[in-house]
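After this come two complexes, each holding subunit A, first together with subunit B and then together with subunit C.
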Partner chain A sequence: MISFPIIRVITKIIIPYILLFALYVQFHGDFGPGGGFQAGVIFASAIILYGLVYGLPAAKRVAPVKVVEKLIALGLVVYAGTGFLTMLLPLSKGGEAAQANFLNYETLNHSLNHEWVPGGQHLGIFLVELGVGITVTSVMIMIFYAFAGREPVDAKSGKSKIRRESAKS
Partner chain B sequence: MIDFVSQLPILMIVLPLIAAPICVLIGGRQATYVLSLIVAWASFACALTCLMQVWTSGQPIKYDIGNWEPPYGIEYVVDLLSGFVLTFVSGLGAIVLTYGKRSIEKEIPQSKHYLFYATYLLCMTGLMGMCITGDLFNVFVFLEISSLSSYALISLGKTRRAPLAALQYLILGTIGATFLLIGIGLLYQMTGTLNMADMSGRLEEFGGKRTMLVAFAFMTIGLFIKMALFPLHTWLPNAYTYAPSTVTAFIAATSTKVSVYAFIRLMYGIFGHEFAFGSTPLEEALIVMALIGIFVASTAAIYQDNVKRLLAYSSIGQIGYMLLGIGLVSVGGLTAAIVHMFNHAIIKGGLFMAMGCFAYRLGSVKLEDLRGAGRTMPWTSVAFAIGGLGLIGVPLTAGFISKWLLLTSCFDAGRWPVAALMLVSSLLALVYVWRVVEALFFAEPSTAAKEAKEAPLSMLVPMYVVIAATIVFGVWTQWSAGISSEAAEFLLKAAEGGQR
Partner chain C sequence: MIFIVIPILALLALTAVAVARIRDLWAAVMFTGIYSFLGASWMLILDAPDVAFTEAAVGAGISTVLMLATLALTGKKEKPSKVKVMPLIVVGITGAALIYGTFDMPAYGSAEAPIQQYPNPSFVEKSKEDMHGLPNVVTAVLASYRGYDTLGETAVIFTAGIAVLLILRKDQEGDA
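So, the complex of A and B:
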């Protein structure tokens, strides 16, 4: 790989734009086409590209297996946590909002500046999509690691295997 | 003040759902075990409370997610049938987890424990979600959650054949789920709704007969694969045999029953039994397939050397009894099917838990290694014997109740040959249970069994709770048979009334 300077340079130039585009798809998903799933795949593709060009160990330094594994769970916690939040918020507000079910975003309405912090339905879908984005990104990276490294979860034996392979090539 | 009682239907699903990723985030072995144990029992408490509420009020509980009204939003419905299934699925999930700590420590690598607990909770979420949801697409989603997590759980088995068994299950399970999805797609195309109650009303008006038939066929076959009805059962024996003991106990007790539940719901809740049985020879087909399944699987069970595999084949046979009950198309038959779902769940759960104890002490569940274990591990062996009696259907055990109900409704329907064949099939059960009991109590001890000690108390106590339940529900049937018969009446009445 060392002998392909053009690919390496172009990759380095492109990756920030991929990440930026992923964030755009993520956060503009409420207004236009896009959303957590698409954004997650695009975001992960940046790291996968990095891994393809610079090798798996380099990618694992950027996104360590352990961190990615926790992020998979974190995304789900964000999603389900939003649901719990909508259920529990009426508790602090008192009696008038008694019937608020799981994932009823209306309870997320607030009196803060609506220009900066979106209200109600908007905030709800924003948080949920963020959770989806995090989980999809990390799952995609994990799938890449699994195929590229064959032993992604068990970090100890996985590492040694990868070193041997890269040494051979 | 938030009204927690009204949130119970969602809590029992989302508590395990959110606890699973939290388990992964925490990562410790003890902490994740304690967390998943608490959540499993909390989920059971929610389910039990809901069931009690429905049982006393007679009204189904409905819950709109996000306050979106059905048919636009997703609706959760707890009626007697789903409440009953939810209660025993969560109950067995919780008690198997209580039992499983030592067994898991022995059979699963330590680094994977937190992932195991997370997957276990996800599997529970999926199974319970399939029961509670009133939205057809949601059934598919939860089916996938439970299936994917059970593939992962099975592949954690100790031997190298476990991943292969999981892959085999994955391929067939995916085909089954795809078939179900094709059926759902066809129904959605016809009615424009996914809410079950709404759909059943619209199908009568707008349903094209041929499309309905195709959809019904796809969904039925899909669910038959998931419940391992006889000719579609090939994934089951390997999956049950090579999975870790705890996983086998949980999945054998719950997963196929939930598919049977989905099948009942499909026939009575969506298509209506007039369509299901009127326009197809389903009645005869079910009875014939069930009987063939019972005989072939029970005969195959007799020839097994691995006791887990033996019990797996027996499970395929027992599914036959449930479908036999459904095939009789009467309140009695349906009652028998529902009550057998529960009874078989506790019996098979108990038996596989006993196998887990043997595997823990002997390191094997082969018949030759179990020989003479009755002397060194008396409590476990007696538990197996009691569970075995339940499997045969001896009076005073839970198995007797369901077989008795099935038999009487066979007589009511005038199907004497079926009743006779059922009795003969119980003899087959007697043979395969006796083979194990004989090896346990009357054979010369194997070298492993000689040195074995009784299983630890933390495994024995939960196992005996389940085994005691098989006797309690064999004597005192107000809950199991009472709830089942009311649920069956409710389903048939609703199906005749045309709306749920």
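So, the complex of A and C:
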């Protein structure tokens, strides 16, 4: 697609909107439809689109393999970490061990202004969805890299399309 | 309503037949993308925007791209195959059994349907109070009431991603 200027220009124009929409779906998920899963795939699709049009190496410069690999695990750590945080917070305040429940967001309540700093259920859902979003985004990107970066199996059919484009860029 | 529902369902059926019949794999991949997009529209009509989002992004977007990436590595044409009788009979019987099973399902939107009865309607009524004002019940159930399940789901995605990487990356050590 390297020789199609319209596709290249249009891609550059719409990618910011795709990313913005993904962030909207992610962080507005507790008020409107959406959430971490949906936002993750939309965010990943923006990077995959970039990879399709500008070639795999260009996409790997935007989202390096080493970073995305680690983000796969980070998302899960954020989610489980929220769970452990809700267990540890009441214990640190001198509560009983029986009240320390995994993923009980009520313990995240605080006395700050809730307009500015979300607390309790809101903060818990926010953190958990963030973890889901990170994991889903990076898994989708990594699977795309793994698929698009492979050499053709059949020698007759020549190199893969994506491979050829990336070689030219 | 019926003027949207029937064309979408008819198009879904037509696309499914087209995917099964067509021998040009590139066209078949495009048809599966169209199928997913119609499915997303259908979910939107059923008032499930969350599912529609996912179907449009995963089904029509990412999986189509992955199929095309796979197609670039293999041939573009499906080898002609003979119609085999035995699989046709098995599929026919299974399909008939599934259709027979739908006769027992409650009518669409029926108030007596188990889905309206069982997860106590008070879930919907109480959620806003429980969540301190967050209006989206779907998110409340997904991330808070059933937060532990969603942790498991995220772990499943994590595991699936790692497994795909382990299999696909085997023969290009050092490249990535």
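The criterion applied here is as follows: the second predicted complex is superposed on the first by the 147 of 169 C-alpha atoms of A that agree within 3 Å, B and C clash if a C-alpha of one lies under 4 Å from a C-alpha of the other, contacts with A are read in each partner's own complex, and residues count from 1 in each chain.
In this text, a contact is a pair of C-beta atoms (placed from the backbone, for glycine too) under 8 Å apart; a residue touches a chain by one contact, two chains touch by 3 or more.
From a predicted model like this one, the values you see are computed outputs, not experimental measurements.
Engineer: Would you sort A:72 into first (subunit B), second (subunit C), both or neither based on which partner it touches?
Structural biologist: Both partners, subunit B and subunit C.
Engineer: Give one of first, second, both or neither to describe whether A:105 is in contact with subunit B, with subunit C, with both, or with none.
Structural biologist: In the superposition, A:105 touches subunit B and subunit C alike.
Engineer: Touching A:149, do we find subunit B (first), subunit C (second), both, or neither?
Structural biologist: Only subunit C is touched by A:149; subunit B is not.
Engineer: For the three-chain arrangement built by superposition, which of subunit B and subunit C touches the greater number of subunit A residues?
Structural biologist: C
Engineer: In the superposed arrangement, does A:83 touch subunit B (first), subunit C (second), both or neither?
Structural biologist: both
Engineer: Across the two complexes, find the residues of subunit A that touch subunit B and also touch subunit C.
Structural biologist: Subunit A residues touching both partners: 72-73, 75-76, 80, 83, 102-103, 105, 153-154.
Engineer: Which residues of subunit C touch subunit A once you look at their complex with the stated criterion?
Structural biologist: It comes out as residues 49-50, 53-54, 57-58, 61-62, 65-66, 68-70, 72-75, 130-132, 134-136, 138-140, 142-144, 147-148, 150-151, 153-155, 157-158, 160-162, 164-165, 168-169, 172, 175-176.
Engineer: Give the list of subunit A residues in touch with subunit C in this complex.
Structural biologist: Listed in rising order, the residues of subunit A that touch subunit C are 25, 29-35, 37-38, 41-42, 44-45, 48, 52, 65, 72-73, 75-76, 79-80, 83, 102-103, 105, 114, 120-122, 124-125, 128-129, 131-132, 135-136, 138-140, 142-154, 157, 160-163.
Engineer: For the complex, give me every residue of subunit A touching subunit B.
Structural biologist: Subunit A reaches subunit B through residues 69-70, 72-77, 80-81, 83-84, 86-88, 90-91, 95, 98-106, 153-154.
Engineer: Okay, in this complex, where on subunit B does subunit A touch?
Structural biologist: On the subunit B side, the touching residues are 1-3, 6-7, 10, 14, 17-18, 20-25, 27, 63-67, 111-112, 115, 118.
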